[in-house]
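Across the two complexes that follow, chain A remains constant while its partner is chain B and subsequently chain C.
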Partner chain A sequence: MLGLGILKGLVETARNFLGSYIDKERLVTVQFPEERLPVAEAARNFPFLIYDGVDPEQGLRCVACQICEKECPPRCITIEKSKDKKPDFVGKQQFYPAVFDIDVSVCMSCQICVEVCPFDAIRMDNEFELSTTDRFGGLLWTKEKLARPNEHYEAIHPTEAAEVEARRAEEKAQADAKKQPSTVTQ
Partner chain B sequence: MTQVAEDIMEISMGPQHPSTHGVFRMDVRLEGERVLRLKPVFGYLHRNHEKIAESASYLAAIPYTDRLDYLCSMTNNWGYTLAVEKLAGLAVPERAEYIRVIVAELTRLQNHAGMVGFLLQDMGASGTPLMYAFTQREKVLDLFEELSGARMMCNYMRFGGVRVDCSQQWLEATARLVGAFGGFLDEFEQLLTGNEILMARTQGVGVLPRELAINAGVTGPGLRASGVNYDLRKVDRYGVYERFQFRVPLGEHGDVFDRYMMRVLEMRESLKILEQALRDIPGGAIMDPKAKLRGLRPKVGEAYARIESPKGELGFYLISDGSPNPYRYRVRPPSLINLTVLEDMCLGQNIADVVVILGSIDIVMGEVDR
Partner chain C sequence: MLDQVFVSLKHWLLGYSPAAIQPAVSILLTILPILLVFPVLFALTTVLERKGLGRIQNRYGPNRVGFYGILQPMADALKSLTKEDIVPASADHTVHFLAPLILLAVAFLPFAVLPIGRNMIAANLDAGVLFFFAIGAISELSVFMAGWSSRNKYSLLGAMRAVAQMISYEVPLLLSSIAVIMAAGSLSTVEIVNKQAGFSGIFPHWYVLTPWGFVGFVLFMIAATAETNRSPFDLPEGESEIIAGYYIEYSGFKFALFFLGEYLGMFAISGLGITLFLGGWGAPLPFLTWVPSWIWFFAKLLGLIIGFIWVRGTLPRLRMDQLMNFAWKFMLPMALVVVVSAGAWRFLPQGVTRWLVSTLLLAVAYGLLARGVESRNKIAKRTYRFAE
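Then we have the complex of A and B:
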């Protein structure tokens, strides 16, 4: 019978429409600004720089090795190395970035800077409401804006952060052991 | 719009046309409503992909491949990493191969669901089928986000394996989605396949003869709809595809309806592959220990790797001169080559069917223009 296929289809549409009143599975729309879905743990948006402790200037993990600057596919990172050095978490003297800028209007959130960083200094943030009225300055993030405490990293990526923390603790223990061999032998 | 002769008109469909949204144009010569000539014009989305990849390192090219066919970033990653693996002689651990199959088949599910939705949208069924398809696509994208951190630009595979391991919860969530997807397909077919309007608009429209499909190098569901049994998952058996039991659906007429049915049937076969892959996935490493992501310098040589992407044969051709970036990088995009037969399918058809035929090829302009 001509039109039977259309009727069957309409039954399907009606089932979805009426079903949305009783079945949560069929009611899929999320009214965004009022309702929010939880952000996935692995979700990534733009990079940030991690610092330990309370002082963003003193605790910044970045040693300005410029690997991420070279590997970044769209070349959105600008780093200038410092003239002097400061001690890092194991007490070794390291350079630090005098300038560390990320142009987030160019960044494509690919996470390659995170993968290549040997110092666990750069990680991906999951903040996504970042609109600004300042087209140039507002999208060029400087060192001060990029620096976030390690607690922030632990809060947004707990599983990954736990692994990194364990590895860093081990490295620190090894470095301490090298410094004072006598205490280890006891 | 120009009057060429009496009763013959030349119009430019697109780039500002709802079905081409700013990136594609067709110069159509019409007699009344009948198409006499049709020339696809593209290049609006050209962004120098191949040259950028030639100046970037092997690692830095991976996120750019995401943006080729932006609906199927996982399969694009796979094609590229397969080429680099051939070039550098890297092996992929078993678990990584299984994860690759799982994400590639999930990609096929969401691409085909979306494609059917868009095809119906172009036909005038505004909203309903597309939104039903996107509800399911959304669930697949949620899985991708949980796994790789991004919904569309996944940047997930690496030469020598995959970037992060999948958790047991992720595998269970995928198994739940696979279990429920069959029910959605039943509903979707109930809604569409028997629909008289769909049949009237698609059966016998845009026929692609078998010989022409082979000669023009058409691949993917478009080729199989014309009755040619050619699926790289069966022909090349790349990855671990030889371990899975699945069939390759074939069409008879090569019209738009066959191309639509091909997508629906392929989704069902993908579900079978997913079930087997989720059942058999082994434990173990996910990266080849020899793989060096940063500063990879493959020895001098060349490699071509191809995979069955949801749209057809996606190939990557790389020449290495021993430096950290490829000397030549070339993509064989299925969308571009499938698009070349558009005129042959449209000749003699009505202008209203041109959009439907275009939709049935399933093109993504990011891949056509690169």
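Then we have the complex of A and C:
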């Protein structure tokens, strides 16, 4: 019968309408700022620099090798190498970045900087609310703002962090083993 | 007492103005409420529609601005006021500017002949219904002006669709109104409402409660949906096909004016539907006549608006050929049968006979036309030569 399908459809929408008031389970939307869905472990948005220990200046893993700066497709990273050196986690003297800036508005979240970094110093953060009211200063993130402790990395990407941690522990053990004989002879 | 509160208020205010300017003040006092009430109703409808559609789709709908999102229209108005007004470089500037203004002016005019309550009508014209349709036809002009002057292929397509659709659906709209005009014997809206006053038992003498009136009302509302470019007949806008149709090149407040014009058109045509079929400002039950007449009008209007929103939330958009087929092959013959049926109702003696004759006439016509529509809609099973 012509028109019966329309009536059936109207009943269906009426059921949805009334049902959404009775059954909260029906409401599929998440009321964003108050309610949040858990972020997936692989989620990534913007890079950050890892530091060990408590002092971001002292513990920064970055050695200012500038590979990421050169590989970055949109060229959003600016690095200036330091004049002096400081010891890294195995005790070797390394340069450190005097300036490390990333432009939020240029970054395209490709993760290439993370892939090329030989020192596990730069990783992707899953924080996505990066908007700012300051169009000029607010979008250029400096070293201080980019630095995040290693614990943060372990919290957001646990599997990946465990793997990196194991590798670094092995490297440190090897380096210590090399040093050990010299201390013995002393 | 409360029934005539606005009429008394007008006369009381009129008493304070000097005699020389009394006609002008009288006109102003009549027009001003229309210019205030219906845009407010528009604001209310937008938030109601968005919340209703949200609930139909199992969402919350707007719930941020004000208490439960009730102030959303204020935010929308502010937003559209602060937006940049972009006119395409190659557009016809004058016509582009005039189109929304004409649409708005034309959208307000039909309210002049709608009886909102007892003694509450701006202009009691003898040919009120005729005036309504004559004004309604001008909105097609403004739509085409908008589409043409934008110098955009999409907007021209949208405008052409709009004009084709409005002209096609004006025929069943008028024919179903003619049935009422025949029954009432008058073109005056006030007279038509008066003819529907009174009760038999508990049933009011509304035309919708007769067989031809019911079918006529359904046809009228379908045609009204098409006439106001509302879903499922929103082909002229067709976001997924022609982006926004004839108002694609309108931004900021001009766009808001188009929006306002569309909704006012919807209110006006719903108001006419109420006047013609639902007894105007009359109460639906005899013991409810103490409720002020204007409350009944707005209650019925709200009911029809909810109906529009419900249909919008239910049906997908039609295709152009389906739209035209439906107008000319189903709506038009059905509306003609309604006219015949109303004639039979008028000349047969009161009683069971005329109910039977009128209903039978419509049922047979519906059955035959429905078979025609459904046989056209049959899709043959697709067969494949190689992919079986």
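Quick note on the criterion: the second predicted complex is superposed on the first by the 153 of 186 C-alpha atoms of A that agree within 3 Å, B and C clash if a C-alpha of one lies under 4 Å from a C-alpha of the other, contacts with A are read in each partner's own complex, and residues count from 1 in each chain.
In this text, a contact is a pair of C-beta atoms (placed from the backbone, for glycine too) under 8 Å apart; a residue touches a chain by one contact, two chains touch by 3 or more.
Keep in mind the model is a prediction, meaning the values are calculated, not measured.
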Pick one for A:Gln31: touches chain B only (first), chain C only (second), both, or neither.
second
Figure out whether A:Cys110 sits in contact with chain B (first) or chain C (second), or with both, or with neither.
first
For A:Ala42, select first, second, both or neither according to whether it touches chain B, chain C, the two together, or no partner.
first
Looking at the overlay, does A:Met124 come into contact with chain B only (first), chain C only (second), both, or neither?
first
Once the structures are superposed on A, label A:Val99 by its partner contacts, choosing first (chain B), second (chain C), both or neither.
neither
By residue count, is chain A touched more by chain B or by chain C?
B
A:Ala166 contacts which: chain B (first), chain C (second), both, neither?
neither
Once the structures are superposed on A, label A:Tyr21 by its partner contacts, choosing first (chain B), second (chain C), both or neither.
second
Common interface positions of chain A, toward chain B and toward chain C:
2-3, 6, 9, 12-13, 16, 28
Report the residues of chain A in contact with chain B in the complex, numbered from low to high.
2-6, 8-9, 11-13, 15-16, 28, 40-44, 67, 71-73, 108-112, 115-116, 124
Complex contacts: residues of chain B adjacent to chain A
56-57, 59-64, 66, 128, 132, 135, 138, 142, 145-150, 153, 155, 163-164, 187, 190-199, 293-294
The residues of chain C that touch chain A in their complex are 52, 55-60, 63, 310-311, 313-315, 366, 369-370, 373-374
Residues of chain A that touch chain C when the two form their complex
1-3, 6, 9-10, 12-14, 16-17, 19-21, 26-29, 31
